[in-house]
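Below you'll find a set of structures to go through.
Presented sequentially are two complexes of chain A, the first with chain B as partner and the second with chain C.
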Partner chain A sequence: MSPTGAVSGSGPARRLLSARNAVVAAATALALMLPLFGSNFFVEFVMTRTMILGIAAATIVFLAAYGGMVSLAQYLFAGVAGFMIGNAAVAQDAWSKGLKLGWNPWVAVVFALAVTTAVALVLGALASRTTGIYFLMITLTYAVIGYYVFGSITPLSGFGGITGIDPPGLFQDHPVRMYLALVVLSVLVYAAFRAVAATPFGIALQGIRDDPVRMASLGFNVSLHRTLAFTLAGFFAGLAGVFNVWWNGQIDPTSISIGPTLDLLIVAVIGGTLSLEGAWLGAFVFVVANNYLRNLPLVDRVGITEARFSTVVGVLVLLIMVLSPDGLAGIIERVRSGLSRPGRPSETSRPPSPPSDAPAGAAAGAGP
Partner chain B sequence: MLPGWVPRAAVWVPAAAAALWVLVLARNTSAGPAIREPGEFVVTLLDGVTFAGLLFVVASGFTLVFGLMRTVNMAHGSLFLGAAYIAHEVQTNMVGKDANIDARDVSLLAWILPLLAAGAVVALLGLLMQQLLLRWNQGQDLRQALITLAISVIAADQLLAHFGGVAQPLKWPGTVTHFFEIVGERYATSRLFMLGVALVVGALLWLWLNRTRMGMVIRAGVDDQEMVRALGINVTLVFAVTFAVGSFLAGVGGVLGGSFAGSVAPGVDGAWLLNSLVVVIIGGLGSVKGAVAGSLLYGMVVAFSPAYLPAGYTYYSVIFTFALLAVVLAVRPNGLYGRVE
Partner chain C sequence: MNTGATAAASAARPGTLLSLEAVVVAFGGLRALGGVDLLVERGDRLALLGPNGAGKTTLFNVIAGDISPTAGRVVIKGIDCTELPARFRPRLGVARTYQKTRLFRGLTVEDNLYLAQTGRSGRHLALLRSGVDAEFRERARAMAETVWLADLVGAVAGDLSHGQQRQLEIGMALVTAPEFVMLDEPASGLSRGERERLVQLLSSLDRDITLLLIEHDMDVALRTARRVVVMNEGRTVASGTPEEIRVDPLVHAIYLGSETDLSEADR
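Presenting the complex of A and B:
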């Protein structure tokens, strides 16, 4: 089975009808109808946050699954976009830090995304000649330097951050609209990533992931492909950052520090870094755990309180990484393939491998 | 491909511009041009070298572990912070005061004993982590990085729960906290003491790696692990010892860094993970020589950029850390002494 599902010969209509797409479509329909029956808190808080984190985490998954690059800089890009919105959109007479340019919010969005994309291009070009663990380290360094840049350069923000950032009138006082927009955006981002993966560029990117030396000798510009993929992911992460800052109404350097950076990686890891859908699944699990864990009976008896949520998250990631590096999606896939093919050898100890297709698609192809 | 002079120009042009700026042009900065204010220049230089010593102690443990085992220990900063807290506990107990500890209260023993205790505990913790969580997935570097990252999150949270968000004191011994005069400026002896400890650590590390049998095995293992294994050498033992030593170095760095700052506070773990990362990205992962070079370069940038930026613009100094990183990455993606794999 090909990683993209696009190289195989079946017709376009047949491809659209795969089990994977059916599951995604059903989930989308459910998410769009949610405001009809879900509680306000669940829709406007839990699910809205899930969508924001999902989009941002999907950019990590895209880079990891199709480019072989595990990036810790994605939350930084969300933060850059947020800070740019904060600097550009907050009115001049507002009591806040930042440049306070007082632009129209939509102009601010264009500006923020342009800056974010440019930053991603430069940082991507610098990191593009490395892969694997080196790439992870460099992007983590970007993230931490970004924290200090916004923290210490006081005209841009300072450690206190920018407050009083209003969303445009379309979303102001309409949290359900913002949620629905995020659902639509999630679907668009998801579709865009899958479409990009099926283009000649995406195929070359996957070739580079599997064997950069061979692709280079075939005449492909390896670092250019990596840089462009990184830039694209940075753009979408910036998009998530725009909604994040609208939703929060404020942004400060602590919100892009090493903690939230790891949280986002953790979201991607929970979902499984090899399947795009897993990003939203991971975000959902993360946000639900964040909000509802304290409500479970007896939980506070074993020392799990809201204040110690980081410990819970850390233990969760530790367990996932120890048991199954492919995350929840990997666990689901293994259970399914184990059911359909009992004799299959265990995959627990395999090294990071090219992405298998999403769980649903794999199961559809693996019937006896 | 770029023509050959481009990377060289990328190094020499900024370096020459910076030198010219520091020497004659840097008016209206807190330090002033070096030809007019040689004292300020020497002080900044000493700041850079002494901070580089601290950087080296921390980063050498990080790079040693990676060089041999290909494990990027993201919990290195947590070991640093944990050691600093342990030293704080031991020191406050020995001094017998909880708050307002002054360096004069601290005897030399009340600094060295906390140092050794913290180093030993942290070395043991590191060893435990390696044996339980890293030994069986050797070679899966991303998985190991994420496992240690998870540990760092747990450790940061637990340390915060135990020690709280308020900075806790950790002091140099009174015997080293003096000032002396150099080119008309006062300078703190404790910074030179820190450099001295770093030099001792560096010398011991060099002796261990170059003059002992185990050091020989480690150097061989860095070059070709399979071959070392095939020769019948107990690599598992060497791995365990190396990880313990790497953790011990993080611990010594933590006590030095805590004493240097005068206190221990949450968030230091992330800052020192960053410092270690910057040093090894510049110097090249896995190379002790690279750790020396990376520490010196980064230490100089950290010392010089705030001192020689125009007054009112010193907050841009963080940009220079990034610029250093960018130049090194552009010219040598694997660091100054890193190997292409």
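Presenting the complex of A and C:
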């Protein structure tokens, strides 16, 4: 049910050849070849946005699946990175708001990620003593505060936002390059999260997800672990934010308000908050629904126009919550295990678990 | 014989592992513990008996650091731990189990036993696996064998049967190589055969390991313990060897209604 970081007892070769990795590798290959046959709009808009949202949503999934924390602050961190790029990279003579420091765009990236990570560390430390609904509420509060901070502090942005943010020369006027870079980055982020989950730190994080009280009594500093995981997720959300602002060319407080914040959570829920792959799957479904809904035959006859997008997504999320709380990834996993092992629900990787009473009964029989 | 008299002159004595001095815990108006004195020597095998609501688990939580006492002192190995949070206990060699099993249900048996060790070592923030890690894994698998879970090292803890989860719970306490083990009703919900194995396991522990046990099962408690303390209404009311407790009229009076003759529970 929940993902387990360490696969005990199997060699590294077997681990690399798992069905899960094969699917991820195939999807990556397909994504890398997409510019050869996909339309410009599909590659440079739909799939590029999918990758950005996917990375940001993966940080939600990482915290939820391995740390048991559902964070609404991840879009804020993407926004913080975006605002920092905007302030640092826009040239002095540009007609825009912000500090207009005119730095080299790559220096701006380092600066933006450093600031985002530091903010995530501080906010994470404050939230780390809460769990469940309280953690959700605190991170929601962060998102709202972020909106007003960038809206009110006019030297940094103001509600009008920062415009005219150019990506570095590498990506300027090369949208396909940016898309390919995002595919590579997605794979790296995905691999990094999975690798972290298998480290001593990652296993401890999963222990905290399962039982923080026991972890404390075993000598773990629970809130430190939570804080560090939150900081790591904030860093990767910041990476997504850097590409987001390069891709959009502008950023304003509305783009990190409640609406986009909840959209990102919806992406994670559609994909499934217990599997990292689900983040990109959810992002794809979300972006495709956002862009192609009007093209479906007959939809305008029943009154579904672009203005009804939120309604459609709402119904979609509702259906997924009812049918599969683990999202699309959960549905795929169920279909897969149903196909590979007809009649046996248990997974291949686990030793067959005995019926729950059998050992107790056997022991009782052996007793005096 | 009462534990209260000896406890006051506590900490300095070299053989003393744990001393509680006039520990009071009040939840609002309810006094869960009304001034408990307790002295535990190194290598002691002590069972806490008492009816439900006597304050046994509260006493446990105070010793383990999950609750700070309203008044009084908790001294472990000469160190005043009264205000020290629970996560510092493992460094003093203290390990405990819980009345209701607290496992990492999404992790494998091996990972559960592995995690139990890393907390104390300070390795748990590491992003790289090291040689120490292999040692922990090795010990985790050995402990799985000790608690009869050798075939299930790769199984997810949440999938284990109740009895197996109790075994893992005890394994997680023992794998830390503790000096002081606190077991909260380890036999609850076990079949008779499993209880027998539990008594064997506890009797086979290293002689230096100090054991504090809460147990409702008289048979398990009196066979494992060398000393018994009886609690009632937040106070210790009697103390002695299992033989003395078996025939203590006060203890009988406390348990009256359920079991008048404790030796019957022995079967």
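Convention: the second predicted complex is superposed on the first by the 329 of 368 C-alpha atoms of A that agree within 3 Å, B and C clash if a C-alpha of one lies under 4 Å from a C-alpha of the other, contacts with A are read in each partner's own complex, and residues count from 1 in each chain.
Heads up, the rule we're going with is that a contact is a pair of C-beta atoms (placed from the backbone, for glycine too) under 8 Å apart; a residue touches a chain by one contact, two chains touch by 3 or more.
Bear in mind the structure is a predicted one, so any value in this text is a computation, not a measurement.
When the two complexes are overlaid on their common chain A, residue A:323 makes contact with neither chain B nor chain C.
In the superposition on chain A, contact of A:91 is made with neither chain B nor chain C. Shared-chain residue A:30: touches no atom of chain B or chain C. Contacts of A:313 after superposition on the shared chain: chain B is touched, whereas chain C is not.
Residue contacts after overlaying the shared chain place A:110 against neither chain B nor chain C. When the shared chain is aligned, chain B comes close enough to touch A:141, but chain C does not.
In the superposed pair of complexes, A:213 makes contact with chain C only, with no contact to chain B. Residues 349, 351 of chain A are contacted both by chain B in one complex and by chain C in the other.
Chain B makes touch with chain A in their complex at residues 70, 72, 133, 137, 139-143, 145-147, 149-154, 156-158, 161, 270-271, 273-274, 277-278, 280-281, 285, 315-319, 321-322, 325-326, 329-330, 333-334.
Chain A meets chain C in the complex at residues 1-6, 8-9, 196, 199-201, 203-204, 206-207, 209-211, 213-222, 224-225, 228, 349-351, 353-354, 356-361, 363-368.
Contact residues of chain C toward chain A in the complex are 64-66, 85-91, 96, 98, 102-108, 110-112, 114-116, 118-120, 123-129, 133, 137, 151-156, 158-164, 172, 176, 190-197. Those residues of chain A that touch chain B in the complex are listed here as 70, 126-127, 129-130, 132-134, 136-138, 140-141, 144-145, 148-149, 152-154, 257-259, 262, 265-266, 269, 307-308, 310-311, 313-315, 317-318, 321-322, 325, 349, 351-352.
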